[in-house]
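Shared between the two complexes below is chain A, which has chain B as its partner in the first and chain C in the second.
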Partner chain A sequence: MKPKAILIDTKDNVATAFQELAKGETVTVSLAGTEVTTVLTQDIPFGHKFALSAIGLHEPVVKYGETIGLATDSILAGRHVHVHNMESQKGRGDK
Partner chain B sequence: MDFQGYRRKTGKVGIRNHVLVFPTIVCSSEVARMISEKVPGTVYAIHGAGCGHIGDDKEKVIRTMVGICGHGNVAGVLLVGNGCEVIQPDLITAELDKIGQRYEVVIVQEDGGTPGCIEKGTKLAQQMVEEAKRAKRESIPLSELMLGLECGGSDAFSGLTANPSLGITADKLIAEGGTAIFSETTEMLGCEHVLARRATDEQVAQDIYDAISAAEARAMSGGEDIRGTQPSPGNIKGGLSSIEEKSLGCIRKGGGTPIMQVVKYSEHPERKGLIIMDATAADVMNDTGLLASGCHLIVFTTGRGTPVGSPIAPVLKVSTNSVLYGKMKPNIDVNAGVIVDGEGTLESVGQQIFDEVVAAASGKLCRAEALGHREFDIHFDMLV
Partner chain C sequence: MEFQGYLRQDGSVGVRNTVALIPASRCANEMACRIADEAGAGVHPLLHNQPCVHVGPDNVMARRVLTGMGQNPNTVAAIVLGIGCDPISAVDIANDIAATGKPVEVLTIEKEGDYDTVVSKGITFAKQMKANAALLSRQPFDLSHIKLAVKCGGSDTTSALGCNPVAGWVVDQIVNAGGTCVFSETAELVGAEHILARRATDPAVGQKVLDAVARTDKRILDAGVDILGSEPTPGNIKGGLTSIEEKSLGAIAKSGTVPLTDVIEWGQKLPGPGLFFMDGSANTPQMVLGLSASGAQMMTFGFGGGLPASFRSMPANSMGNLAILPVLKILSSPKAAREIPYFDVYAGGIIEGTETVAQVGQRLLEEILQVLSGKPTKVELRPRYREVLEMWRLGPVF
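Coming up: the complex of A and B.
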C-alpha cells in the first residue's frame, strides 16, 4: 500500500504528505519502530507538512531531527504546518 | 566489516586498479585521449585547467591534480604535458614522489609532437598496465573507505526519499569507522546554526560559519542575494516553509553524526567520520573535488536524472522517484522511489545503498562505469 506521508526522523513533530490528503483522514507514519497515527483536521497538499503532536507558540517545528523554524501560533496535531503558522529562525527574504 | 580492495605502496587504499592518462593542461588533452584509446586498460581524464592559474587558485589546481593522479584507485599515471603550461608536470611529480606513486611523463613539445608523444606514451602506458595486473584485492576494513555524497537535479522527493536514505547509508559507514564527505556549501545556507550545533568542537563550528558566509559573500559579489530569495515562491508552494527546511533536505544525505572537520576543495581530511568539503555545487567539478580529497566512490542522488560518472571511480545513482527510474533505468543503481510506492522504507533503501557501496568497493561495476561514463572537470576560480 502506498504510504500517505513520511516521517524522516524519530525526533520530528511533523510528517510530510506523499499525496493530496483530505481533512478527516487518518494517517499513520512509522520509522525505526516509532509509529504515530494522526487524524488530519485540514486538507494537506502533496509535499506539505502536518503536525504529529501539539506544537506550542514559539516552540520548535522539528523535521530531519532539527529545528526548521518556530511556531508563530499554537498548532494542534493534524493541522497544516507552513509559513502561516511557523517562521524560519533565519528570516525570510521574500517578505 | 570488510570490503575487497587494493593496498598501494603509497599507503593508500584503492577500489579500482586504473592506469590513468592525465593531461596537465587542456592543450595536451587530445594527445592524452589518443594515447589512452590505443592502450586497453587505461582511462583518461579531460579537463579545462592547467594554465593561467595564480596564487591560492594555482595551489588548488595542483592539489586537485595530485589528489587524482595519486589516488588509491590509480595504479599508475601517465602525465601528458604540453611544455609551457603553468602547471608543469614537475609540480605534480614532485608531490607524487613524496608518496611513492608510480608515474611516467611525456611532453608534447619535447617528445616529437603529437605522433612522437603518442608512440612514447603508448609504450609507457602499456608497461604500467602490465604492472597494474599484478595488484590483487584483499580484505580491508570499511573504516578505511571514504564515500562522497552528492545530489543534483533535485526534485520535491529528494529531501524525502533519496537524501534521507543516503543519510542512513552514511550513518552505517561511519558506525563502521569509515568516512563520508558532503559538500555544496551554497546549499547549506540558512542551516549554519544547525550544522554548527553538530560540530565536534568549536573550531569546526567556526569553520562551518566561515565557509557558509564566504559562499554567501561570493554570490553577493556576483550580484546574487541567495539567502534573501530562499525559500523561493515555488518552494513555498511546494511545501517548504523555511530556508532551514530546504537546506536540511540536501544536508540530510550526510546523516546525523557529528561533523568532524571542514576541508577545502580537494583537501584530504585528517579526521574520520562525517566531513564537510567547502566547494561548488556544480556536479562534475564537485565529484572531482570529492575524489581528489580521497573519496573512493560517490553516491549521487537525483530527481531529474543525470548520467555522470568518473574516469577513476564508481558514481552510483539513486533516483528519488519511480517515474525517473522508469525513464532512466539503465543509469540508476538504486531507486528510492520505492518509498513513495510503499515497496520500501528509508531504512530498507539506506541498507540497499550501503550494500551497493560495499559491492562497488569490492569491484562490482556501477551503472555509470558499465555505460562508459568518465565525466571530469577541475574547479578553479579565475584565469589571468
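Coming up: the complex of A and C.
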C-alpha cells in the first residue's frame, strides 16, 4: 500500500510526506509499535515534513532519531516544518 | 556472483579500456582534444583546470590526481601531454603511471620542438595503444575485485529512503565479500559525522572523520557565511530538505552499515579492501576527479526527484565526461517517474511501498555486475561532452 507519510525513527517529532497531503487530512504513521495520528493544519508538499507533536521555540526538530535543527517558532502538531520555522545549528558562520 | 574484467599488470582489474590523454596542466588540454578527435572512439582526453599559479599542497594534490587517473585500472594506456613549463612535470606523471606496468608515452612541446609534432606523434601513439587494447580479453572476477564509488546528488527527502539505502545495501554486500567502496563530500557529513565516526573500528579513524568535518566547519565559520543555500542547495530545499544535518543524515545511508575502514585524502589511491571515506570537495567536477584517481572502477549516482533528475545527459553533474569512471544512475522519487528511461535503476518502488530496499538493492547489484562486465550505462550511451574537471584547491591562487 502506498503510504501517505513515513516515520523514520521512533524518537522523531516530524514525519515525511510521501504524497501531496492536504490541510485537514488525518495521517497515521507507525514504526516498531509506535503509532502517531496527526491532523494536518496545512498542505504538505511531497517530500516535506510535518510536526507530529508540538515543538516549542528553540526546541530540537528530530528526524532519523537525530537533531536536524532547532525550531525558530513554536510549531503545533500538523504544521509544515521547513526553512520558515526551523534552522540548522551547523555551518553557521553568520552567527 | 562475478563480473568479467581485464586483469592489469599491477593486479588491479579494469572494466573499460580507455586510452587516456592526460594533460599535465590546463595548457595541454587543447592538444589532448586534438589527438582524441583524430584517434577516435576509446581515446579520451581527461581535461582539467590545473594552472601554474597554484602553490604547495594544492600542487601535491594535483599531482596525486593526475597520476591516479593514469593508474586507474580503466586506463589501459596513457599519453601524458605537457608544454614543458607545466608546474607538475609531464615526465614525473608518466613515470608514476608507468610504475603500474601499463604502456605510457610522454610528449611535451619543449622536447618535441613544436605543437604539431606533439599532436601528430600523439595520434600515432593513441591509435597503436587502441589497437593493442582491442586484443585484450575479459576474465571472471569475484566481488572482492570490485572498487565502487558511491555518490548522491539532486537530493530530496526521498534520497534518504530510496537511492541511498539501496546503494548502502550494495556497499554492505561488496565490502562483506572483500571488495572496496568509497564515498566522499565532507560538507555532506556535517551533522552526521558522529554517526560515521562511531562506525570506525579504529578510534583513530573515527577521529579522522571528526577532524575532516571540523576543518570544513572552520572554513565555513572563517568565511562568516551560513552554509544554507549551498548545503542544502536551493533545489534540495525545494525537495523538502531543511538543513545540512538532515541532508547529511540521509547522505550517509549510501555508505551502508559496514565498519568504516579509513579516511583517505582527496585523490588518494584506495589502500586496500573495505569502506573508505575520501575527505574532499562536494563540488561534483572536483569530487569525480578525486574518486577516479582513487582507482574506483565505476560510480553509482543516486538522485532524488528534483530538477537534476531531469538533466538526462546534461553534463552539469559531470556524469558523462569521464571515460575512466562509468556512472550508473539510480532514481529515487516516484514524482520523477517519467525520467525512468534515463536511469539504470529505479528505486521509487520503495517510496510507493511496492518494493523493499533489499529487493531494489539486489537489482542494483546485478546491474553493477553487468556494467562492470562491459554493459554501457545510460550515461555512456549518450554522446560524450568534454567537461573540464576541476582540481580541489585549499590554498590561494596567484
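Before moving on, here are some points about what is shown:
One rule holds in what follows: the second predicted complex is superposed on the first by the 89 of 95 C-alpha atoms of A that agree within 3 Å, B and C clash if a C-alpha of one lies under 4 Å from a C-alpha of the other, contacts with A are read in each partner's own complex, and residues count from 1 in each chain.
Criterion: a residue touches a chain if its C-beta (ideal position, glycine included) is under 8 Å from a C-beta of that chain, and two chains touch if they have at least 3 such contacts.
Keep in mind the model is a prediction, meaning the values are calculated, not measured.
After superposition on chain A, the partners chain B and chain C are seen to clash. Residue contacts after overlaying the shared chain place A:Gly69 against chain B and chain C alike. Of the two partner chains placed by superposition, chain B and chain C are both touched by A:Met86.
In the superposition on chain A, A:Gly78 makes contact with neither chain B nor chain C. In the superposition on chain A, A:Ala32 contacts chain B only, with no contact to chain C. Of the two partner chains, both chain B and chain C are touched by A:Gly47. Of 22-30, 40-48, 76-84 or 94-102, the segment of chain C running into chain B after the two structures are fitted on chain A is 94-102. On chain A, the patch touched by chain B and the patch touched by chain C overlap at residues 1-3, 6, 8, 16-18, 45-49, 61, 63-64, 66-69, 81-83, 86-90, 92-94.
On chain B, the positions that touch chain A within their shared complex are 156, 159-161, 164, 190, 193-194, 225, 227-233, 236, 238-245, 248-249, 251-252, 256, 339-342, 345-347.
Those residues of chain A lying in contact with chain C across their complex are 1-3, 6, 8, 16-18, 45-49, 61, 63-64, 66-69, 81-83, 86-95.
In the complex of the two chains, the chain C residues touching chain A come out as 156-158, 160-161, 187, 190-192, 195, 217, 220-228, 231, 237, 239-240, 242-246, 249-250, 304-305, 333, 335, 351-353. For chain A in complex with chain B, the touching residues are 1-3, 6, 8-9, 16-18, 31-32, 45-49, 61, 63-69, 81-83, 86-90, 92-94.
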